[in-house]
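What follows is a set of structures for review.
Below, subunit A partners subunit B and then partners subunit C, in two separate complexes.
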Partner chain A sequence: MVTFRLEERERTSYPLALISPLIAVFISLVLAGLLIILAGANPVQSYYELMKGAFGSKNAFAETLARATPIILTGLAASIAFRAKFWNIGAEGQLYFGALATTMFGTGLIVLPSILMIPFLFIMGALAGGLLLLPLVLLKLYYKVDEVVTTLLLNFVVVLLVSYLLEGPWKDPMSLGWPQGKSVVDSGILPQILAKTRLHLGFVIAVFTALSIWLIMNKTIIGYQIKSVGSNASAASHSGLPIFKTTLIVALFSGGMAGMAGVTETAGLKGYLTLDLSPGFGYAGIAVAMLANLNPLGVIFSGIFLASIYVGADAMSRAMNVPTYLADVIVGLTVLSILLSLIFINFKIKFIGNRDND
Partner chain B sequence: MIEFFEIFLTAGFWAATIRIACPLILATLGEVLCERAGVLNLGIEGIMSIGAMVGWMTVFLGADLYTGILAALIIGGVFGLMHAIFTVYLGASQHVTGIGITMLASSLGFFIFKLILPASTTPPKIKPFQPIDIPFLSDLPFFGQALFQHTPFTYLAIVAVIFAFWLMNSTPLGLSIKMAGENPMALEAQGIDVFLVRTIAVVLGSAFMAVGGAYLTLSAFDAFYFGMINGRGWIAIALVIFASWKPERALLGALLFAGLDAYQVRAQQLAGAVIPYQFFLMMPFVLSIIAMIIAAKRTRYPKALLVPFRRGERH
Partner chain C sequence: MENLLKVEKITKKFGNFFANHEINFEVRKGEVLAILGENGAGKTTLMNILFGHYTPDSGNVIFEGHKIDFGNTNSAIKLGIGMVHQHFTLAENLTVLENIMIGKQSIFSLSLPKKDARKKLLRLSEKYGLPINPDSMVTDLSVSEKQRLEILKTLFLDCKLLILDEPTAALTPQETEALFATVREMVELGLSVILISHKLNEILRVSDRIIVLRDGALVGEVNTNSAVRSEIAEMIVGKKIEYPKKQDVKRKSQYLQLTDISYKSLSFPAVQNINLTLSGGQILGIAGVAGNGQTTLAKLLSGHLKPSSGEVLFYENKKVNTSPKSFMNLGLAYIPEDRNSDGLVGEMEIWENVIMTEIDTPYFRNKFGWINKSKSFERATNLCNLYDVRMQSIRQPCRLLSGGNVQKLLLGRWLMRSPKIIIACQPTRGLDEGAIASIQKLLLQARAKGSGIVLISEDLDELLSISDDVAVMYKGALSEPINTEQTDKLSIGLMMAGEGF
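Our next item is the complex of A and B:
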C-alpha cells in the first residue's frame, strides 16, 4: 500500500513563502471560473469586468480602497489574535460595538474640534471592541471556556442589540422610518481624501495601524511574547512568559482593531449607524489575515485584493449576469487554498512504499 | 403571571419543542462524531446551509422528499471529505479549515440557488413533509398532539440518535472513533488506520449536519432563505460541550434548549408589548454561552482534539 507522510521542512524557503498567496489566489480564481462557466458566461471576460469594476476608473479604485478600509482593520484583528492562537471569530460583533460607541459619543454627546474628535472616536471605538471581548477572554483564561464558540455566538447577540437600539431608543427621528442612528457631528466625520469619491481618512488610519502592528510584532518584547505564546504555549509558560497577560493584551488589541473598523464605517463611509453597516467584514478579515500569512503589512495588500473582489463582483454581475455571491465563493476558496499552499511551504511530502516496513 | 406557566400545559408547546430540537439534534450528533474522532468541525454552519439548499432544491426540481434528504446527506459527506482531507491527511489548522468550509459551503449554496432561481422575490415553496397519523396514538389527548403528530423527518431524527448511540457504544468503528480522539497512537499500534477512522467520522458527521439543515427546508418550513441557519450550527457546537460529547446527552441538551426557545416565542406573544422582540431572539445565543460556562467545570475535551496525527511521529 502506497502511502505518504508529511515531514516538516528544516527551513522555509522565502521565495516560496512569497509566491504562495499568489498561487492560492490563482487556484481559487480558476475554480471560481468553473462556476462562471456553469453560469453560462466567459470566465476571462468576467474577470476582466471584475477588475475593471474594481480598478477601472478613479472612482472604482477609490471605492475599492474605501471597502478595503474596514477589511484591513478586521484582518489585523484576526492576524494578531491567530498569531497567538487566540481564535477571535467575533470581529463582526466587535465592529458593531465600535459603531455603537461612535454613535454614542459622536452624535452630539461630546463635540470637540476635528483634530481631537476623530482620535477620540477611534479610541472609544477601540475600547468598545476590546471591552466586548474582555469577558470572553477572561472566561477562557479562568474557566477554559472555548473562545471560538463564545465569540461566534456573541456576534448574533450584538447584531440584535444594534437592531433593538436602531428601532428603539437610538433611532434617528429624522430618518423617515428607516432604522438608522443619528448622524455623526461634522467634526467627527472622517474627511474625504480624494475629491468626489467615497475614499476617506479611515483608509490612511487603517494603513497606519497596520504599520504600527507590524512594528509592535517585530520590534517589541510584547510582540515577541505574542509569537511565542502562539508557537508553543507550554514552552512559553515554562520559560516564564506571562501567558495570562499576553493573551489579555492580544484580545484587547484584536477586539480594539475590529472596533476601529466600526468607527471607519460609521464616521467615514456612511456618517451614521445602520443595521447593514457590515456585510460580513468581520468574517472577511479572517480570509484577509490568512492570505497575508498573518503578516500585518501583508494584510494591507490582501485587504485591498479582497475588497477589489467584492467591489468588482457587482460590476461583473451587472455585465455578465453572474450572481454576486461569486465574490463570497472566491473568498471561501481562497481561505482553503492558502491553507493548502501553506502546507506545501512548511512540509515535504514523503511517499512511503509500504507502511509495514516503515 | 399564571399564563406564563400555562404555556407548559399546552400540547402545542411540546410539539414545537420537538420540532425546534430536530435540526439541533442532527447537527449536534454530527459534531459529536467529528469531535470524538479528534476533529473540530467549524464547517457546521455552512454545511447545514448548503444541506438546507440542496435538499430543498432537489425536491423543487421534481424529486421526492426522501431523495431530498439523500441529496443533503451526500453534499454534507462531500464537504466532510474536503474537511477531512485538509485536517486529517494534511494536518491543516482545524479552526481555519472549518471557517473556510463554512464560508465556501454557504456562499456556494447561495450562488447555485441564485443561478437556478435568478429573479425570485418571494421564495418559491415546496410541499414539505406532512405529519403522519399513527392509529390510536395520534388521537390520544394531549400526548397525541405533543408526541405523535409529527412528520416522518422528525422520527428519522430520533432514529439518528439511536443509531449514533449504537454506533459509538456497540460497534468496533465507534470504539475506533473514540480512540482516534483520545489516543491515536494506540489505535495505530493496533494496526488500524487513524486517518481512515477520522475521515469516516468527519464524513458521517458532516452528512448528519447537512441533513439537520435539510430538516429546516423539508419539514419545519417549505422554502429556502438566505441566512436561515442563523447560528444554529454554532449553537450545536456549544451543545456538544454541554452534552459532554455523548449522543444521548446531545438529545437531552437539544430538547432542553429547544424547550426554552419554544417557551420564549410564546412568552414573547404575552410580553411582546413590554420587552422588545430582539431580546427574545437573543435568548438562544445567550443561553448557549451560559450553557458553556456551566459545563466548563466538568468539561473534559477528547484528548487528541485539534491535534493532527502524523504517521511515524512519536509524541
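Our next item is the complex of A and C:
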C-alpha cells in the first residue's frame, strides 16, 4: 500500500509560488477541454479562438483590459479584506453604491473641470462604497454579527434600490423608456486611452490602486497591522494593536475600492448608470483575489486573466459554436485548482512506500 | 522481565536536521518507562513514530514480535498501543459513554451497541480504579476527570502499552498523586506505561526506568532507584543548570491595587471580591488549580476584561479606562497563558513580532507610516542576543520557534520597555528545565530592577522559590497573601484544594 502525507513547509520558494498557479490554470483548461469535446468541438482550436478573441487584435486586447478594470478593483477589495479575515462578500452592492454616487454627483449637480471632476467622482464613489460597509463592520465589532451574511444580503437590497431609482425618480427622461440614469457630464467621463476602443483611464487607475495597496500592505504600519490582525487577532490585541481601528480601516478601504469599480463602469465604460452595470463583477472579485493568493499585484494579472476568459469566450462561442457558459466553467475550475495548488505551496507531499519487504 | 516493545535504530530526519538519530531502547512488560528531554529533543517525534503517525527514515519498531506498519495509526492501535495526548481530544457536548464509543463505529451503522460498551467501561473503571459516571456530559467534568476519561478511552481499545504525554500538566498535587497511584496499579496488572514529562520530581517518584533524549539522540538510560536528580537534569540539558536565587530587593511604593474586584460572565470563570496589592520589587505568586479563575484574574489585571464591580488603581491611586492599550501605556506588561495563540503571531516574522508592541513609537517608522526596516531589524537582533532567543534568522516566521524561545522572545519584548508591572500567566508551563531557569532568572532580574510582578503559576516549586508572597485562588476567590518564607508546599496544596475558603 502506498500512502502519502502532507508536511508543512518551513518556507515556500518563490519559483514554486509562481509556477503552481500556472500549473493550476493549465489543469483547469485541460478539464474544461473535456467539456468542450463533449460539446462537440476541438478544444485546442477552441482555446486558440478564445485567446484570439481576448488578445488577438488591438480592439480585443483593449476590450479585455476594459473588462478587467472593475474586476481588478473588486479583486483588491476582496484581497485586502480577506487578508484581515474580514469576509466582505458585498463588493457587488458597494460597486452599485459607487455607481449611485457617480450618478448623484456626476450628472449635473456639480460641474468641475475634468482634472478635478474625475478625482472628485472617484472620491465620492469610494466614500459611498465604504459608507455602505460601515454599519456592517460596526455591527460585527460591537455585536459580533457575521459579516458574511450581512454583506452578502445587502447586495440584493442595493440592487433593488438601484432598480427602484432607475425605474422611478432617477430615470433619465431622454432614455426612451429604458431604465437608465442620466448621462455623466462630459468633464466627468473617463477619457479613452487607446483611440477607437472602449479602454479608458479607469484601467490605469485600477493598476495604480493595486500598486498603492501593495505598498501599503508591505511597507507601512497600517499594512503591517492588517496582516497581524488577520493572522492572529488575539496575539495582535495582546501586543497592543488596535483591532477595532484596523478592522474599520480595512472595511473602508475594501468598500472604497469596490465603490471605485462602480465609478469606472458608470463614468468610464457606459457613461450612465444601468441596471445591468455589473454582471457580477463584485463576485468575480472574490475569485480574482483567491487566484492571486490575496496579493495585490497578483490581482492585476488574475483580473486580466479572468476578463480574457469572459471576453474570449464570446469569440470562441461564435467561432466554434459552443456555449459561452464554458467561460464560467473555466473560471470555476481555475479557482478550484488554485485553491488546491495552495496546498502544494504550503505543504510538502511525502509518499510512504510499502515497507513489508525489508 | 519480558520485552513488550523494541525500538531499533530509529532515525528520522527533517531536512538536514536529525529529529531522532539511531535510537534504541525497549519497554518491558509491567514497567513505567519515563522519557525525558527538552522541547525539541525529539520526544514527540519518537512518540509519533511509535504510534505509527510518522514514518522513520530507517529503523524498526517491534511490538510483541510484530513490526509496526508506519504511517498508519490504526495498525499501532490494533497491536495494542494507546496514546493519551497532552491536549484532550474529547467531544464536550457528548456523554462519557458516547466519547468512549466515538470512532469505533462505522458511520453507516444505525445503532450503537451502548449496552456492551457500558458494561466494558464499568469493568475497566473498576479494574484500574478510575471511577467515572458513563452518563455525565464531558463539559461538566473536571480536568482530572477528563484525563481519566482519556485514559479509559485508550484502555477501552484493549491497549497493552499506554503512552501518557505530559499527563500532570493541569493537575493539583493531590490529583497527580491519584494519577500516579493508578499508573502503579496499571503496571501491577501487567500493562506497560511510557510517561513523557519534564517534571523531574514526579518522574523520579513514579517510573521504573528513565531514558533521556537530547538533540535527537538517546544520551542516557538509568534505573530510577539508582538515579540522582541533578545528574539527570544535567543529562537533559547537556550542561550544568544554574537555577536562579532570589536576592533581597528593596521594596518600592505600591504599584497596583485591586479593591473588591468581581467579574461575572458566561465566557470566563467568575471571580468575586478580589483584593490585591503589588509593590515594586515584589513578586506576588498566585497559586491554584487551573480553572479556578486565574485566567480571568490575569485578563482583568491586563485590561482585557472590565470588572463588573470594584476598582483597579495604579501607582498613586490613578485610574484609567479599561483597555489593554491604556494599561500598557501605564507601564504594564502581560505574558498571556497561551503563548502560541495570544502571544506571538506565528505566521509573521520574528522582527515583525518584536516591533508589535512598539508601533506607536515614532522610532520604527517615518511620519508617513513607512516602517523603518533597518531599525526594526536592529532591535530584533539586539533582543534575540540579549535574551538568548535561538533562531536561524530574524526573518524566520515565529511559528518555527520552540516554546522556550517563544517565551524568551515574548518576555524580552516586554522587558525592552522596562515595565513597572508584569503580569506573567503560567510563564514556564510546558518549558524544559533550561528554559524554565532562564525565564525565572529574567523575572528575578526585572524584580531587582524594581518591577512588581504578579506570577500566576501552577508549579508550586516555582512559586515558592522565586516569589516573595503567595496567594491561592480557589473557585474565584483569592486568599490573603502568605510570605513564602513562612509556608510550605503542603499547606499551599491544601489551600488549592479549598481549605480555608
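Just so it is clear, the second predicted complex is superposed on the first by the 342 of 358 C-alpha atoms of A that agree within 3 Å, B and C clash if a C-alpha of one lies under 4 Å from a C-alpha of the other, contacts with A are read in each partner's own complex, and residues count from 1 in each chain.
What we mean here is this: contacts are C-beta pairs under 8 Å (C-beta built on N, C-alpha and C of every residue); 3 or more make two chains touch, one makes a residue touch a chain.
Since we're looking at a predicted model, the values are computed, not measured.
Novice: Quick one: classify A:L269 as touching subunit B (first), subunit C (second), both or neither.
Specialist: neither
Novice: Once the shared chain is lined up, is A:L342 touching subunit B (first), subunit C (second), both, or neither of them?
Specialist: After superposing on A, A:L342 lies in contact with subunit B but is clear of subunit C.
Novice: Given the touch rule stated above, what does A:K227 touch, subunit B (first), subunit C (second), both, or neither?
Specialist: Only subunit C; A:K227 stays clear of subunit B.
Novice: Touching A:K219, do we find subunit B (first), subunit C (second), both, or neither?
Specialist: Only subunit C; A:K219 stays clear of subunit B.
Novice: Tell me which of subunit B and subunit C touches more residues of subunit A.
Specialist: After superposition, B is the partner touching more of subunit A.
Novice: Of the partners subunit B and subunit C, which touch A:A236 in the superposed model: first, second, both, neither?
Specialist: It touches subunit C, and subunit B stays clear.
Novice: Touching subunit B in one complex and subunit C in the other: list those residues of subunit A.
Specialist: Common interface on subunit A, subunit B vs subunit C: 3, 5, 352, 355.
Novice: Quick check: in the complex, which residue numbers of subunit A touch subunit C?
Specialist: For this pair, the touching residues of subunit A are 3, 5, 10-11, 219-222, 224-225, 227-228, 231-232, 234-242, 350, 352, 355.
Novice: Mind listing the subunit C positions that touch subunit A in their complex?
Specialist: 15, 55, 69-72, 302, 304, 324-325, 328, 334, 336, 341-348, 352-353, 356-357, 359-360, 365, 368-371, 397, 400, 413
Novice: Touching residues of subunit A toward subunit B in the complex: what are they?
Specialist: 3, 5-6, 35, 38-39, 82, 87, 89, 139, 143-146, 148-150, 152-154, 156-157, 160-161, 163-164, 167-168, 283, 286-287, 290, 321, 323, 325-326, 328-329, 331-333, 335-336, 339-340, 342-343, 347, 352, 355, 358
Novice: Inside the complex, what are the residues of subunit B that reach subunit A?
Specialist: Listed in rising order, the residues of subunit B that touch subunit A are 40, 42, 82, 86, 90-93, 95-97, 99-108, 110-111, 114-115, 118, 230-231, 234-235, 237-238, 241, 276, 278-279, 281-282, 285-286, 288-289, 292-293, 296-297, 299, 310-313.
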